[in-house]
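All chains are identified by letter, namely A, B, C, D, E, F, G and H, in their written order; residue positions are counted from 1 within each chain.
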Amino acid sequence: MNREKIRELLENVKAGKTGIDEALRALKSFPYKDLGYAKIDTHRDLRRGFPEVILCRGKTIEHIEKIVESLSPETDFIMATKADKAAYEAIRKVQKDAVYYETAHIVLIGKARRKKSTKTILVITAGTSDIPIAEEAVVTAEIMGNAVDRVYDIGVAGVHRLFDNSEKLFDANVIVVVAGMEGALASIIGGMVDSPVIAVPTSVGYGSSFEGLAALLSMLNCCAPGVVTVNIDNGFGAGYFASFINHMGEK
Amino acid sequence: MNREKIRELLENVKAGKTGIDEALRALKSFPYKDLGYAKIDTHRDLRRGFPEVILCRGKTIEHIEKIVESLSPETDFIMATKADKAAYEAIRKVQKDAVYYETAHIVLIGKARRKKSTKTILVITAGTSDIPIAEEAVVTAEIMGNAVDRVYDIGVAGVHRLFDNSEKLFDANVIVVVAGMEGALASIIGGMVDSPVIAVPTSVGYGSSFEGLAALLSMLNCCAPGVVTVNIDNGFGAGYFASFINHMGEK
Amino acid sequence: MNREKIRELLENVKAGKTGIDEALRALKSFPYKDLGYAKIDTHRDLRRGFPEVILCRGKTIEHIEKIVESLSPETDFIMATKADKAAYEAIRKVQKDAVYYETAHIVLIGKARRKKSTKTILVITAGTSDIPIAEEAVVTAEIMGNAVDRVYDIGVAGVHRLFDNSEKLFDANVIVVVAGMEGALASIIGGMVDSPVIAVPTSVGYGSSFEGLAALLSMLNCCAPGVVTVNIDNGFGAGYFASFINHMGEK
Amino acid sequence: MNREKIRELLENVKAGKTGIDEALRALKSFPYKDLGYAKIDTHRDLRRGFPEVILCRGKTIEHIEKIVESLSPETDFIMATKADKAAYEAIRKVQKDAVYYETAHIVLIGKARRKKSTKTILVITAGTSDIPIAEEAVVTAEIMGNAVDRVYDIGVAGVHRLFDNSEKLFDANVIVVVAGMEGALASIIGGMVDSPVIAVPTSVGYGSSFEGLAALLSMLNCCAPGVVTVNIDNGFGAGYFASFINHMGEK
Amino acid sequence: MNREKIRELLENVKAGKTGIDEALRALKSFPYKDLGYAKIDTHRDLRRGFPEVILCRGKTIEHIEKIVESLSPETDFIMATKADKAAYEAIRKVQKDAVYYETAHIVLIGKARRKKSTKTILVITAGTSDIPIAEEAVVTAEIMGNAVDRVYDIGVAGVHRLFDNSEKLFDANVIVVVAGMEGALASIIGGMVDSPVIAVPTSVGYGSSFEGLAALLSMLNCCAPGVVTVNIDNGFGAGYFASFINHMGEK
Amino acid sequence: MNREKIRELLENVKAGKTGIDEALRALKSFPYKDLGYAKIDTHRDLRRGFPEVILCRGKTIEHIEKIVESLSPETDFIMATKADKAAYEAIRKVQKDAVYYETAHIVLIGKARRKKSTKTILVITAGTSDIPIAEEAVVTAEIMGNAVDRVYDIGVAGVHRLFDNSEKLFDANVIVVVAGMEGALASIIGGMVDSPVIAVPTSVGYGSSFEGLAALLSMLNCCAPGVVTVNIDNGFGAGYFASFINHMGEK
Amino acid sequence: MNREKIRELLENVKAGKTGIDEALRALKSFPYKDLGYAKIDTHRDLRRGFPEVILCRGKTIEHIEKIVESLSPETDFIMATKADKAAYEAIRKVQKDAVYYETAHIVLIGKARRKKSTKTILVITAGTSDIPIAEEAVVTAEIMGNAVDRVYDIGVAGVHRLFDNSEKLFDANVIVVVAGMEGALASIIGGMVDSPVIAVPTSVGYGSSFEGLAALLSMLNCCAPGVVTVNIDNGFGAGYFASFINHMGEK
Amino acid sequence: MNREKIRELLENVKAGKTGIDEALRALKSFPYKDLGYAKIDTHRDLRRGFPEVILCRGKTIEHIEKIVESLSPETDFIMATKADKAAYEAIRKVQKDAVYYETAHIVLIGKARRKKSTKTILVITAGTSDIPIAEEAVVTAEIMGNAVDRVYDIGVAGVHRLFDNSEKLFDANVIVVVAGMEGALASIIGGMVDSPVIAVPTSVGYGSSFEGLAALLSMLNCCAPGVVTVNIDNGFGAGYFASFINHMGEK
């Protein structure tokens, strides 16, 4: 898929440096590690600018442990999301220096990316209960080399708290809004600011919030343009995308 | 059900003024008119403070016409909702002086209630497309003897329009918020004001608005207390309930 | 947002009493307490006539404890809803005199509002299983200074129980109907009474009750006007709104 | 499947009256007429006590016409449901004496069953808009030889209309309740009477009635026992089942 | 509501035997016991032919215990459904002779109704996992004085098992079909038999069975007439209704 | 992707017959025709054993016409599905010899594949209204070179019709079951036969069939193994897959 | 249903070898074992080519144990699916040599079918969390006598992993794709290969994956023909169907 | 909200240049035009970098006409989306030079923004039927000053079409993926590219696509990070957001 690599390969074939069977193998041997139960994309860092991330939810403790073990020799940087205490303990057995961001449910091995963006991502929550998902976004974005600011518990039931923080709102380069229940905060902020807003519905609420469905539909139907949505409780996805566009003007 | 009436009846039975069979009949002959296909509650005005209203939607033109015809001798006041042009024409054949509120889809025969409340109901819409449902609420409330104020197209994509009308917001005794799409306006207003808010989700929108479901769920999950919800597109219900509580302190 | 305060501020600016930067700060320093993970609206009491309420569900025990701790110096009145035993224990550690309404899952610190309304809110349940949500409404309304009456387990499977309590029904100023399963009770009562009805669907039931969805849809489609709906299991919201309108004629 | 027929067949095989291949064919040649696009069950009358009924909805006019044409020589009784005007016209081309029950959307050829049950089926509707489905039940039950009584437009918004008809309610042997919107009528009647209640949700309503879903869920969750439910708008099914049990004690 | 009782009352009032206030009280004092948290309908036996049944699900152990305790002096017959072990233990504390039908989750105090119907109710399940709900129907019907037959695990994946039991099928007066997953069994049996079929969808299955929704929709859309449906897992309702119609021809 | 082609290419590069840039272009120039609004896969016939098929639904008449026009020089075989009369007319303007299978809504240009499979695909419908979707499957399978047999209107309400056709059932190599409403036919047939069953839910039905959802869920939850499901109304997909496996043993 | 058996029976009846009542009994006594709570289809092996399989989910431990116990004398081959540890322990008590495929949740007693197909079934997963369902398909297919190949964790977030395994893809005779979340892998593979694809949605994911609904809908709407779908998490069904068609060309 | 404006205002108040009442008015008189039925945000261009856009869907022709008429003196640039022919005709009556992008359903008055971004937005569709929504995105982005490239009909059923366009894919700065049916294209592209992907589900499809729900859920559950979603059929929102981030690095 990488044009330059293919050209080089073809040139080597032409020059006789690379045999045809070898070339065929090369085209096949894209760099990943096959554990049978998992194929670890060891070079995604190069391709995508960020290494593959382990989603712990749904995986057995054994699988998580072995995936980390197998990744360790390849990279000095491993990130795991939706990791509960047990997942963290399993990882720490393999990697003593693993750090656990407890609220964010993220485990990190290795240093966060160094070069910080000069522009800020602002992560906002409607309520206190939305904080774990917000922290997932914050930690993700920080690891990916962003300056991140937090404004938590600013929900629409007390809009003046929002206006009090309006400076932060207007200064942010990218905004992540994390809200459960009716998710209205995304619309309000989307209508105020001049920067892209990534809305994260959360499963916070009860009754007809239907595990985040109310917030999700609300955010998708946001009448203010400039707002996009990710999956319910997907703090990682929001932080990742926010980092993506926060770095856009950089090169 | 009316304790005084039953007592009177029993006293008459005791006094021999009313025979037992007659009493039995009386208990049965609660005042309504039976058309076979419709039982018209001619005395609801007395019981509920407002006469029965004809919901045109789902009824044949013939039924609407005959119901109005049959009501005419009983009352000088008839109201029909969700009435399209054809329903209005049918009613006008029977009642020449029927008035058609075209945007509100309401037909009115007879005068609106006179005694106006001194307090105001404010009806707000998020967008221009929500106006028909809002007008249904406005006309209903006006007919029921309320001072009604309108603020239309104030949606969250331009919140400053909301704040500009904040005086009206704070002066209103009862507020009706009519919004489709994500329905966030109900939450914002619910968080600002000190008066009861009746939220009306509308089927305005497209895609995942799912004919008003997004707005409905959003309003039900409103994190600000003091907000209640009625059925999607039920402007009449909102106007009726608003009138109800707007008159509460009166006696 | 408070017109008088802004005018005063502007006058002070004009008079030179307040510097421009100070004025800007003042506009920002709306009164709330920022705990980072929570922004506590210490002055909501003034603005909304009732202090902010802590929704325990979804919050960690630590957050609940710290929010109460931080509120304590500011106010002599704190209310927490959807509080299980553990939440109550946490609060009692900070506030020895916290009272636990076990069935209602409400924790109260400080005295309930004194001035009782002369008019009564009636809270009705269809079944025995609806009582916890009904009590949430009752306790909320009582705390907010209302005379509250209860009629429990009056469901439609034995309508005569309803008629036996008809006097209470007709005497009530506001009615809260709490019902799960098919939620039909709201419709019946809505068709009988002359006072506003707030319907609370509950998640009581099984199978196709779908955790309260059947009752919710039933209540939203209530063919009797004068009925509004709140979220499934939202007893607090119903009690709050009922109190709202019960006090309406007072001033 | 008919034990006697199989025995006779086997006896004939034993007696040499019927050859084995003939017997095999006989077992196959169960009495129906194969039109290719339709297999008409000409003997269902014998087996089920009622001939096969043509559901017009979804069938082309051509198919309806040909099915009736093909049934005509076999039977003097044909019934078609959910038949619009065009379906009726098509049938009348083939069968001059076809009768059209316009409101019920039923076409009938031949006489209704003679022997009337001495007991009565009562068909009740909540509103005027529910009448077409109710008539489908009424006409079906009458054709099947039942005395049927109607009480229409008795909905819960004016319960006294219900009590006024309580004699009919208590006299009925079987009750069919037809209601859209919130469908609460089924619950109320189910809680009052001592006879089986068949609930028919209708697609009458708007907004969150979701084409009859609200009424369906309401009826399925009916807290009064003695109530069963059929598909939304399935008046025929209700009339058929009502007839079924109304004739139960007869033989 | 009881015409004769009212007539008697009126006659007594007329004759001076009953004072007016006493009469008013009588009209109100319909026989039930008010526990505050529960209103027990002690005379439902007379009115409905079967005493009120306690649905344990959703009730606290304390409430169940007290309801039974309070019913005990009034009746020698108490039935409780959806009762787990703990509910049974609580009841046994109050009533030593309570019998627990463990699979059916029913607790019974007192003797089942004596006079058995001569006709049989057949309860069929598609699979082994449907048995608890089927037993709920069986035990209910037996308690209500019916001869009940069982055919379990006859599901469509091996239809020959069905045909082997065809004699039972054709002999039954009423059939209850209990099935989860796709619920197809109700349709097949509905198409074969000449007796009324009550379909009970169960929450048995996984994935897109969506807790019984697939079976419920399947049964509601049954193309064979003569089939009605009750709520998911509502074995009691099916048994009750089956008993209802099984006794129909009796008087 | 084609290993042999890539090897040949590489060998040509090595041999100097193909320049590197030419090779790069070759890797890109996979054979399809780009119309801008459509990319027509002219060689799919080779790759997939069947040319690309035009799904008319959702396309404008203009697009359909131009796609056919552009395909014509490339192939002597074009197939279009979900084609209404207007789509057919448009195609006939371009291709005079286009054949319209009206019931199946398929347009065909060119001859059907010649070599017929010796084994038979049986397409069964529950009702007459399911025929259009069944015919879509039949015509597709016939065009793809299969012997196809039809058994229509065999629904579960008269199972004996099914057993009468049991020989066809047991002789078929692959069975396609097309059914709306409750879709139970798929389960019954799946439990009887020894050949793979492809279930096609249709949108036939009304009320809680919810446009085919009931049949879809029913088929997905089929308790008999050996049954797979395609999208609602996807007769083409079923015919295509049936042809797929009907030819499996052939080479 | 078995034509030959019936012919033989009829011939015996004719020859006087079999009496008529005996013949009737024979027609009824189709071979299965009736445990009351379960009817075990001991001869399904003959009819369907594979013995009946025990679905443990939803069954009590006692039922599972007894079903196995009762099957043991009849067959040397028993298979149980969705079996957790406890189910396995129960089975092992009865059958010492039961083998537990822990990841697949399958218990096997007896040898897998011997004659292996020469063609391969390929089972693919999108992620590591989909492996349990994939293993259910693998073990089922292996037991049924198929060569099975696995390619796990190949999800679309790193498509190159897919292309690296393209040889396996193109060599497979039948492909099973197991994927949760958005289920896109089925579409991609369906668009690439020339062999039938069986898609298995899994409940892997969170938020708006709604327990597998997102993957299910995605797979049903697959725009590539040649893809069919089974129930969410139904690895057994997929393995069974795959085996079905993998053996098709064999005789 | 504009800090500088408020500071200036305060400075003017301090300097006595602006009276206090005038200042209060100024704070209120945020620039928009009130038509009663619509409040037009004439200065949004300044605040948000783009003027307010008219969503025609749901608005009456009269309202659209009047809104355009009223906007005309204020701005030389007006954009209307979801505009059918009738809406366009109405606008052209008022503004002769209105341009209609027929496929995109967009009406434009005035010149598109001049300064083009040097980076490219790529808009991709899965099928031909998705083009109208894609064009809505394209035209929006072009009007907002972006270089836009199109790759249409590249759906997963023929992935090689995708790889052939890989250069465009890798060159794009932002990618918009428009797809109905199963929406898998978003996942594939999300897994390949290194740029942000905005996924637009469309209502293209039938059966269980449920008007775009399948595509929406698929996109939300996309396992590749770097993908965000907008509402079903919201081409404008996608184009707007794409433009937003495409300009990010510019200043």
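Definition applied: a residue touches a chain if its C-beta (ideal position, glycine included) is under 8 Å from a C-beta of that chain, and two chains touch if they have at least 3 such contacts.
Only a predicted model underlies this, so the values are computations on that prediction, with no experimental measurement involved.
Asker: Return the chains shared as contacts by chain D and chain E, ordered by label.
Answerer: B, C, F, G
Asker: Which of the two pairs, B-H or A-H, is linked by more C-beta contacts?
Answerer: The greater number of contacts lies at A-H.
Asker: Using the average of all C-alpha atoms in each chain as its centre, how far is it in Å between chain D and chain H?
Answerer: Computed value for the inter-centroid distance: 53 Å.
Asker: Rounded to a whole Å, what is the gap between the Cα centroids of chain F and chain G?
Answerer: The separation of the two C-alpha centroids amounts to 25 Å.
Asker: So how far apart, in whole Å, are chain B and chain G when each is placed at the average of its C-alpha atoms?
Answerer: Whole-Å distance between the two chain centres: 58.
Asker: On chain G, where are the residues touching two or more other chains?
Answerer: Each of 1, 3, 127, 157-158, 163, 192, 205, 207-209, 213, 216, 220-222, 225, 231-232 in chain G touches at least two other chains.
Asker: Quick one: which chain pairs are touching?
Answerer: Listed in label order, the chain pairs in contact are A-B, A-C, A-F, A-G, A-H, B-C, B-D, B-E, B-H, C-D, C-E, C-H, D-E, D-F, D-G, E-F, E-G, F-G, F-H, G-H.
Asker: Any idea which chain D residues touch chain F in the complex?
Answerer: On the chain D side, the touching residues are 1, 28-30, 32, 35-39, 41, 44, 52, 55, 57-59, 63, 67, 82, 201, 203, 211-213, 216, 231-234.
Asker: Hey, which residues of chain C end up touching chain H in the complex?
Answerer: Result: residues 3, 6-7, 10-11, 13-14, 16, 20, 23-24, 27 of chain C touch chain H.
Asker: Can you list the chain D residues touching chain E in their complex?
Answerer: Of all residues in chain D, those touching chain E are 1, 3, 47-49, 53, 163, 166-167, 170, 173, 192, 194-196, 198, 216, 220-222, 225-232, 236-237, 240-241, 244-245, 248-250.
Asker: Along chain A, where are the residues that touch chain C in the complex?
Answerer: Touching chain C from chain A are residues 127-129, 131, 150, 152-154, 157-158, 160-161, 163-164, 167, 180, 204-209.
Asker: Which stretch or stretches of chain C touch chain D in the complex?
Answerer: Interface residues on chain C, with respect to chain D: 126-127, 155-159, 181-184, 187-188, 190-192, 205, 207-210, 213-215, 217-225.
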